[in-house]
């Protein structure tokens, strides 16, 4: 099987998430990086591409040039899809251009700077007929798949309570004032949008809830914090949620939870059972039951649903981590894209889409509105 | 040293919390049970007392009789204090009578059925000049003492974020309809008050927050649930909190969190460090720091403050649990009471008081009011 | 029910294990301390007794005086049994005298200074017709009872492999040279016997293996270490074991495993299932299965055998610890002793006996012999 | 930077370890697979290659053909090195041929079928002047690097005690008789050598000990088990070890430890500190100290040595796992190989070599000899 050809927008040398996308895309051997507009200047873009083994003629000055030039190449040679790994304000413009010029798109989250942009993008995608994947990577973990399957199969019964947290501590001090690039754009409303931590990590929490439970968050009451000196965007948030089936819950997010590394966790309580998953120990799914003892599931371990088994790459006990879960998004996207290219019936595979992106943007908007109204309930 | 003499109100055979109080009071060898009004009928009271090795003449029909008759005994012989371990509606009446008749009091929580009752009791205590302890037992754990001392010493800096949960699952089904006595009174507003889970476990969460941080909860926004069939009191609650120093946080409580046993936990994030403690693993205090790796403290282990060392009974690695922490409340109360009896200057030792009880009642009232107003913020 | 009367030999003020025995004996309200020969001098014994609320006339100069004087008291008044909590060399002499004078005995472990002494004591016990309990306290944990019951019921099938460790670090430096009393006698062959860590903690490991599995250790190959400066007794040991059913395994013990607190743990692998238990997290029993996911049992949680339920005092999720497990030895002993006193048929309850004591001494002797023969296999 | 070109021997469709090598080699974008002799028949080799996107002309019938044909290609086009991922008996023959024909080699472990073969290979490597890496992949974990650095920097002082285990349960039943290929060759002495579990997992344990501690195992006393029906090779082993500095310890390995997945763990106790690492939770290094509390290190977390920081790919809290550690072996090998190719001074980077392979074979031989002599001590 020939590899799919990926062009990257953003992700130059030193980028965190660009490197993650490249590693994730490469793990399963289905995708190769062939070109990129890696950086804001042509020089940097070429330098980054060189480090990555990309010929200089395919290191472009910007995404406009990239899309234009790649389009001129033969089908055999040109990129199949673009991976967009820029700050939030630069997601939709290249995504639209790529789609309108016949390229499929993988895009980092949150999908856009504004909600309107996201809704507009949905149209563009629909019209283009191209594939669009959003990298809510945590849905790629085998134990998240198992959790979703258990809920879908009714194992835990009707859901009553959900507890979710996404806690980081890296913005505990005002590192954005010290030249830390990752912090700089994330705390800048022009590049990040109206949500700070809300967009960066809150959307992951929101997406994970809806992915696992199959429910929608109906309304939200939010109390946001701006603890870091000089911050204009939230770096902390405590939220109450009500689900569309009557379940209730909390979402707690923070980038000033000092000492926390990447503590995303979710607990779901139903009428018959309960589930607990922690991103930092991703290879365990703890389950609780009315009459039976606690059971702990592991990737490729006993008792799993096919949805979990399919995405476990290595035998039980050999930990898979962040990159592998990320890679599963790419793998599923690539599987469908291969089918599309081969003219086969290409059923939608399991990866997040523009609809997830719009939900994320609505979540941000609702949380900010609630916070502006002293935590009153706002519908998503 | 002679043992202090305890009379018990409530706690007949089969009682959970009465047995806990007796075991806790006995562990440190400072207290002996000498009499009781253990149950609602004289026959049951005597039968319970017999099981406990109490002579039948000191097993009383009710607390009125007990207080009257004990008062007539010689100082040498009569009880020094009463332990009140009845359902909530029967806390204040015997407490008042005991205090007014010269007996010290240890009382289970929440302190009263209504807030007014609690405020009235405060007066009675003040006038009596007697000691009054409220058994917020979780404050007795060595690692909770360590956490409090670390905050007080400024180790973690100004507090920004607090996450607290108290999750149980034992009311996931309507066990109160099956004759389960513990469930029956806790779900009955006449015996429990206006709070269900709020009073039973929420007050522990509230107390733990204020004990460890030294801060007060300033206001609260609550979304309560009544999931069990036929329930009129809350069995679940999700709350936002704002502290009097500007910190923000969440409290999540539940008795329908299926499969959870007694999952009380707290995380406190400051500007310089952070603390995490779990009641089900009470012998670990996880701490996080700006520049240093995570450090885990253990009872009698390295690096503790005196406040933690003083309440650790056995060498490091020999787990102490629920009863030992409960016993520490009794031990500290007994230490002060011995001093009082000996006519020494009896400094207040470290145990919860009526002021903690009033805070708990205000917490319940504020949460219920907020919930009645669609989760609007209410001052405590 | 009247309390049983306990006399204590050893355990004066400042003693670790004497205090543990007293607390453990008191928790369940079945036993009261009435007299003692608490220390090596009459003055210290009286001072210790005073702290404990014992009248000075029942604080004896030594165990000879205690046994003689108590015997003269009325049956109503005199002690029912002695608890021996002295260093090893002072176990058998008072035990024999007590038994020969009609008193039952609870004795700390290892049971004796020498193997011969232990065998002789077995005879004395048999002739006396009195009860004798040895405080291998770790067998008192609910999850140890559950493990034993699961093996006995064939849940894990024929046992193939056993891994046991008992790791402490408190003798990492030569603290016995600094006046630390606990360390001083344990490192002194005259008081400790031929085993150092072997006797102090190794016998617990050995006893736990045989208690849970119902098997006997058939032979042992030991490599002992004497790492602490100036030590003549082992402070570390690595051992291979072969069980009488063909299973194989390891025992690793140490008191120089720096930073370890009281890390006793056992793993048992059978043909159908496997068990894992850690003393420092005593309220979890992890089990593994051929076709099912890992299951975790907890005290008073779902799916337990009666043997585990019977010894859990408080609801699930309220941790019981070291003292409670120790108390279970006393409780079971007291239950049988009450029956004996009441002239009832007094079936042997579940507590360790002289036979466990002899197994422990044989274990020590076999390990030392093996070590002296360059780790050759020695039968126990 | 251009990618290094890898040819693979073994690892056809359905292979576990071949797929691991390919994913690991691809993660860091430094290596591409260009050819292979993937299977025992030309047809299967071509089919496997097709799945992997390899042109059929570079899918060879066997390694002889592959090495001969690749040698004829231009330097620009031909493979730079071979990755050998066959069963043990097929490691040395292709390795020798590749080296003698100018190709560098990455080889799975254990390095050979017999000890003699390994020693012979050492000569061939030396004469060839080519690079040779052995994939003891667990040495690639950031927390293993941190552990090694802490020992090397004297942080934990002189080492006294080592506990190592490598426990799996997948051979608990005789799956090799059911057509399971992975089990079939591992239990067959003709393909596996004289060690079963010893070679497959015991060598990893041995290598990890020597890698982290910088010490050598001096002698070993082994008790091996053959529990699976019909097995002629060990599937379980309990071992005592003595290190060349006087430290003592244990190694326990098993493939019949039912329910264990891939439980490799090591504890190292020194005179000043202690270290604990578990492969199934690879992103934590627990450390213990004489006077300070336990400290837990994490990849890219606070307080790490450069050796650990260098091999952490993603921010703290984003778990890296088995594949990433494996990838670090390839990355380090590739880094040196790039230098070699560029004619730079190519310092040996940090990856295991033939010397590690010979140590592993000596370990297997010593353990088997000891077991044949009833667990007597045998020098390695």
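Labels A, B, C and D are assigned to the chains in the order they are written; within every chain, residues are numbered from 1.
FYI, a contact is a pair of C-beta atoms (placed from the backbone, for glycine too) under 8 Å apart; a residue touches a chain by one contact, two chains touch by 3 or more.
Only a predicted model underlies this, so the values are computations on that prediction, with no experimental measurement involved.
Enquirer: Which neighbours do subunit B and subunit D have in common?
Expert: A chain counts here if it touches both subunit B and subunit D, which gives A, C.
Enquirer: When you check each chain against subunit C and subunit D, which touch both of them?
Expert: The common neighbours are A, B.
Enquirer: Among the chains, which has its CA centre at the largest distance from subunit B's?
Expert: D
Enquirer: Taking each chain's centre as its mean C-alpha position, how far apart are subunit A and subunit B in Å?
Expert: 43
Enquirer: Could you work out how far the Cα centre of subunit B sits from that of subunit C, in whole Å?
Expert: Measuring from centre to centre gives 34 Å for this pair.
Enquirer: So what's the Cα centroid distance for subunit A and subunit C, whole Å?
Expert: 55
Enquirer: Considering subunit C alone, which of its residues make contact with at least two other chains?
Expert: Residues 260, 289-290, 294, 298, 301.
Enquirer: What residues of subunit B sit close enough to touch subunit D in their complex?
Expert: Counting only subunit B, the residues touching subunit D are 289-298, 301-303.
Enquirer: Please output the residues of subunit B touching subunit C within their complex, sorted ascending.
Expert: Within the complex, subunit B touches subunit C at residues 1-3, 16, 19-20, 22-23, 26-29, 33, 50-53, 168, 170, 260-263, 279-283, 298, 301, 313-324.
Enquirer: Give every residue of subunit A touching subunit B within the complex, in rising order.
Expert: Interface residues on subunit A, with respect to subunit B: 156, 160-161, 163, 165, 169, 172-173, 221, 223, 225, 227, 236, 238-240, 242, 248-250, 252, 254, 256-260, 267, 269-274, 287-290, 294, 374-377.
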